[in-house]
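Please go over the structures that come below.
Two complexes follow with subunit A in common, the first pairing it with subunit B and the second with subunit C.
This part shows the complex of A and B:
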C-alpha cells in the first residue's frame, strides 16, 4: 500500500472544522446511519470509504443538509461547523450550503455556458461587485480547477459540450467559485476515465491548501492517494477513523482489515 | 355471399393455417424445435399471413372498385333521352341505386322473390301494390327500373365472383405456404418482412391522408381564386358574403379575430398553466400531486361545446354586466374577451400537463447541483430548471396556440359571428373556423365563391398552424443544440 502514497502525509493543521456527534439518519423506517462521531480537520482531505450502501454518501449529504431535500430522510444528533450546530433551527440550509460546497458523483453542469456555470454561485450570493470582479472570480476558479487553459477561448460555449472529465472539473470550479469553507465530493471520479481521474485527484490535492475536503470514494487506492485522514463505514456505522497511513497499513478493526484486503465489500 | 361471411371464412382459413403450419413444421423435425430455422410459431404465422393478407387486400380493392365499374356500365345503359330537363346523370344514378336498394329490401322482407324483383315491370300493379303495402313503394320511370334491375344483377354476379376469388386465393396461398414449410425454410424472415410491410402501410395511410386533405383544399381553393381575386381575399377588410352575388370576401377581419382571441387565450393559459405545472412538479407533495394533476387534466376532457355553453351562459353575461357595461366598452355578451378567457381555461391542461412532464424530466442532479451551491429553491427553478425545460415548454405553448387557432365551438358561442377589425376586446368578433362552418352549412351551391371561400379559409388556417408547428420545431431544435 505504501508505494501508492504520492501525497505527503503530514497533516498540516489540527483545527477541527467539522465535529459530528451521535449522528443518526433514518430513511423512513430504515436506520441508515448509526451513532456516527467524527472530527474533520481543516485544510485536510478526509476520505470516506466502505462498501456500497454503508452510508458514507448519506453521511456526506448530512454535512450540507442535502438530505433535507429528501422527504423521508430524518437526521438526529449534532454536526457542528466551526462550533455552530448546522441542524439548529436558526441555521438556513441555503446559507449553510454556500459555506459547504458539493461536487456530485455524475458531472452535472447546468445547461448554460461555461462562464455562466462558474458564475452561477457568485451571482446568486452577490460575491462580485461588477463584471470585472466576476470575470476574475471565474478565471481564478477555472484555474483552481485546472481547466482554464482548456476552456479560456470558449467560455461562452455550453458547459454540457465538454468531455466528462472536463465537466467534472467544471463542477469543481463551480463549487470553488462560491468560496466555500468545506468541499464535499461524492465519488467525484466514478464516472471518469483514468486520465480524467488522475487530473481530478491532482486537483483535490491542490484544493487542500484552501479548503477542508471530504471525499467519498469506492476506490481504496484513490483514498490512499489523495487523503490524509480516512474513515471506514460499514452498515451505517463508522468503524474506524484515523490517519490514512494507519488505516491502510495497520487497521485496528478486523472489519477494516477485511475490507481493505478485499474480503468484504 | 355477404362480405362479413367472406371475412370470417378468410380469417378462419388463416387460423387453421396457423395451426397446420405450426404442426407441420414440428412434425417434420419430430418435435425438436431447435432443428427448425425459425421458432414454430413463425411457421404458423407464415401460413396464416399468406392466407389472410392477399385475400383481404383483394377484398378491399374489389369492394372499392366494383360499384365504380358497375355504375359506369349502368350509366351507359341509361339512354340520353331519359335525362330530363334540370337533371344530371348523377341524379339519375342516385335514383337507380335507390330503387335497387328498395327492391333488395323487398326481397329481404319476402314481399318478392329475387326472380320476381328482377322481372318486375311498372305495369305489374299487383306486385306494385304489394310493395307499397310493405312500405317499399317503387315510384319511378320504367327506364330507371330497368337500370336498377341491371344494377342488381351485376352486383349479384360481382359478389359471387368476389367470394370465389378471395376464398380461392386464401386457400391456394395457404396451401402453398403450408407446402413450403420445412426446417430449412426461413419463416421468420418472411413473417418479419410482411409485418414490416404492414407497419409501413399504416404509416403511409397517415401520410397519404394528410396529403389528400391538403390536395383537396388546394384544388378547391384554386377554384375559388378563379372566381374571386386573391388580392381581395387576402387583403380585403370587408367580410359581407351574400349568396345573391356581390359579396366582399376579405379574410383580414377573420384573421384578426382568430389571432386576437388566440392571443387572449394564450395570455391567460400560459402563465396559469406554467405556474400550475411548476407547483405540481416542484412544490406539491406526492399526495397533492396525485389528486391535483388528474383534476387539472379533467379540463382537457371537457367537450369544447360545453366550454362554449359556459362562455355563452356564464362568462359572457358576467363580463358584460360587471366590466364592459360599467366601463362603457360595449353591450355585447359575446365578445373576444369571453371567448378568449374560456378558451384559455380550455388550454390550461395542455400547457400545464406537458410542461409538468417536461419539468419533471429535468434531471434531479441539476437541482442538486444548484441547491448544493447554496441557491434557494426558487432560484434553482428560475435559473436552472426552467431554462433546461424551456424548449419543451415552448413546444407546449405552440401546441396550445395551434389548438387555439383551430378552435370553433367556443368562438361560435362566446365571441359571436360579427366579422370586424377592432381593438376593443369587449366587442363581438369572429374567427376563420366559425366562418368556414357558416359558409358550408345550409343548402348551397358548391360552385359559388361564397361556398368555395371556405376552402381558401381552411387552407389559410392550415398554413397558419403548419407554420406554427414548424416554428415550434425550429425553437426546440435550436435550444436542444445549446443545451445537450
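This part shows the complex of A and C:
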C-alpha cells in the first residue's frame, strides 16, 4: 500500500449526521444488506468500499430512500438523520431528498440548458423568490461545483453538450443547488477520465466544508485520497468502519486486509 | 496453466482448423458466403415484391380514380321562358318555387334542341329522350336555384354551364364508347355523336371537379353529382372526437400504468387485456358501440359522435401501447436525477419523462388516428352507411347530425350500379390516401422536431 497517498486530515467535527441501526434491505427474497450499524459524521467525507455486489450502493440509496422507487426492495431497521428516523411513516421522501442530495454513477444531466439543470431543484422547492435570487443560486452552485468559469458564457446551452467530467460537475452543482445537508455520491468518477476524476475529487474535498459527503467508490486509492472515514462492506455486511488511515494501514478484520491487498474483490 | 494439455488447443481430433493458403477459399468459407448471398437475395426479393405491389396498387387506384376529379360540363344559351318558370307572372320567388325542377329540365332540353338547330348539327335518330338525358338531373335543380335566387333572369336567355349526365361524362373519360353506347339503355349512339359534335364545337368542356370534394352524396340516378363533402366533414369530426378523447385518456392511462401502478397480478391482467384489445377485430367494437352508445345511451345513429366514440375505443389500445413504449424508452437515469433533487413522482413525469416521451406519443397517436380514419367495419354497424345528403352542422351540435365517413362512402359507392360511382369510389380512396399520407408526414415531422438526444 505504499503507492497510496494517504492524506493526513483531522476530522473536523464529531457530531453524528446520520446514524443507522440494524438496517436490513431485501430485494424480493434476496437479503442484500444485513444488520448494518453505522454513524456518519457531519462535515466529513465517508467512503463506502467493497467488492461489486457487496451492498454499498444499496445502503447509500437507503439514506435518501431512492430504494422506494424499486418495487421489490424492502428496508427494515432505522436510519436517523439529525435524530429523526427517515423511514418514519410521516416522512415524505420528497422532502427528505431535498435535504439529502445525490450524484449518480453516470452523469445524468437533464436534456435542458445548463441553467435549467441547476435551477430545477431550487424552482420546485421554492428556494428563490425571484429571478435574481435564482441567478444567484445557480452561480453559487456552479462555482461550488468548480464549473462556473467554464460555463458562465453558455448557460443556455444544453447540459448534455458538456464533456463527461463537466456533466458530472454539473450534476454536483444541481445537487448542491437545493442546499442539502448530506450529499450522497454513487461512484461519481467511474465514468470519468483521470483528469476529470481528479477535478471531481478536489471538489469533493471542498464540499466537505459544507456538507456531510458519503461516497461509494470502487477505487481504494480514491477512498484513501478523499475520505476521512471508510466503511468496508462485504456480502451485505459492514465488516469494518473507522478512520480511513486506520482501515488502510491497520485493518482489524482479515477480510478487510484481503480486500485492500487485492486478494478478494 | 498446468491443467491445459497441448491437444486441448486443437479440438478433439487434435487437428488445426486452418490448412492451406489464405488466398483460396476453403469449402467451409465458400458455403458460408453462398448462404450469405442467398439470404441477401431473399431480402431483396421481398422488397421488390413489396414495391411492385405498392406500384400496382397506386397505378390501379389512380388510373381508376383520377378521372373523378374532372367533370364534363356543357355551356349553352338557355332561354328561361316565363310561361314555364313563372306561370302567374308575378316574379314572386314564393310562387315560383311551386314549379318543380322537372319543368326546368324541359327548358334545358328545349334550349339544347334550339342550339342544335342554330348550329346546324345533323344527327340521325336523335330522340327527345337523348336530349333530355343529356344533362344531369342536378343541372335542372341548380338552374332552378339560380332562377329562384335571381327572379329577374326570367324571360331572358342566359349562357348556362350545365352538368352533363354520367354517360356523356363517361364518353370523355373513355368509359363509354360508341359501341357500348349502342347496347346501353341509358344512352344511344345518337347521343354519343351529339356529344362528339359538341366537343369539337368547344361547347362541351371537361374541367376540375371541385364539387366532387365539396358536395354531398347523390342518389343512384345522379352519379355525376355525387361528392365526398359530407364524408370528409364526418371523418374530420370523428377524428376530432378521437383526438380529444383518446389522447388524454390514453396518455393518462399509460402514465399511471408505467410510472405509478404497483406491479402485481391485477396490473398484469390489465396489461394483457390492453394488448388483447389492440388485436380485437374492429367490427366487434362496432357491435359494442351499437349496444352501448345507440341502444343503451340513446345517441342518434349515423352520427359523428357515435362513430367518434367507437373509434376512440378502438384507438385507445394503440395509443396506450405506443405511449407506454415511449415512456419506457426514457432512460431511468433521468427519473433518478429528478427524484434525486427532490422532485415528486408527478413532477418527475410531467417535467422530464413526458417531454422526452412526446415524440413517441405523438407518433403513436397519429398512427392510431390514421388507423381510425380508414376504419369501415364498426361504422357500418352504427349506421354511418346511410345515405346522407345534407351537411352536418358546425360542431359541437354538428357532432349529433347524421354524416358519412370517407371509407364508408367508398364502400357505399362500390355497391352501386352506375360505373361513375366506381370512378368516384376510387377518387375517394385517393383523397383518403392523401389524408393518410399527410398524417404520416406530420408524424415524421413531429418526431424529428421533438427528438432529443441524451
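Following the convention adopted for this analysis, the second predicted complex is superposed on the first by the 257 of 265 C-alpha atoms of A that agree within 3 Å, B and C clash if a C-alpha of one lies under 4 Å from a C-alpha of the other, contacts with A are read in each partner's own complex, and residues count from 1 in each chain.
Going forward, a contact is a pair of C-beta atoms (placed from the backbone, for glycine too) under 8 Å apart; a residue touches a chain by one contact, two chains touch by 3 or more.
From a predicted model like this one, the values you see are computed outputs, not experimental measurements.
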Clash or fit (per the criteria above) of subunit B with subunit C on subunit A: clash
First, second, both or neither for A:66, with subunit B first and subunit C second: both
First, second, both or neither for A:106, with subunit B first and subunit C second: both
Which superposed partner A:178 touches (first subunit B, second subunit C, both, neither): both
First, second, both or neither for A:95, with subunit B first and subunit C second: both
Stretch in clash, subunit B with subunit C, out of 4-12, 40-48 or 130-138: 40-48
Set of subunit A residues, in rising order, touched by both subunit B and subunit C: 64, 66, 69, 71, 94-95, 97-98, 101-102, 104, 106, 108-111, 120-121, 124-125, 160, 171, 174-175, 178
Residue ranges of subunit A in contact with subunit B within the complex: 64, 66, 69, 71, 94-99, 101-102, 104, 106, 108-112, 120-121, 124-125, 158, 160, 171, 174-175, 178
Subunit A - residues contacting subunit C, complex: 64, 66, 69, 71, 94-95, 97-98, 101-104, 106, 108-111, 120-121, 124-125, 160, 171, 174-175, 177-178
Subunit A contact footprint on subunit B (complex, rising order): 285-286, 363, 365-376, 379, 383-384, 387-388, 482-484
Complex contact set, residues of subunit C against subunit A: 262-263, 331, 333-344, 347, 351-352, 356, 452-454
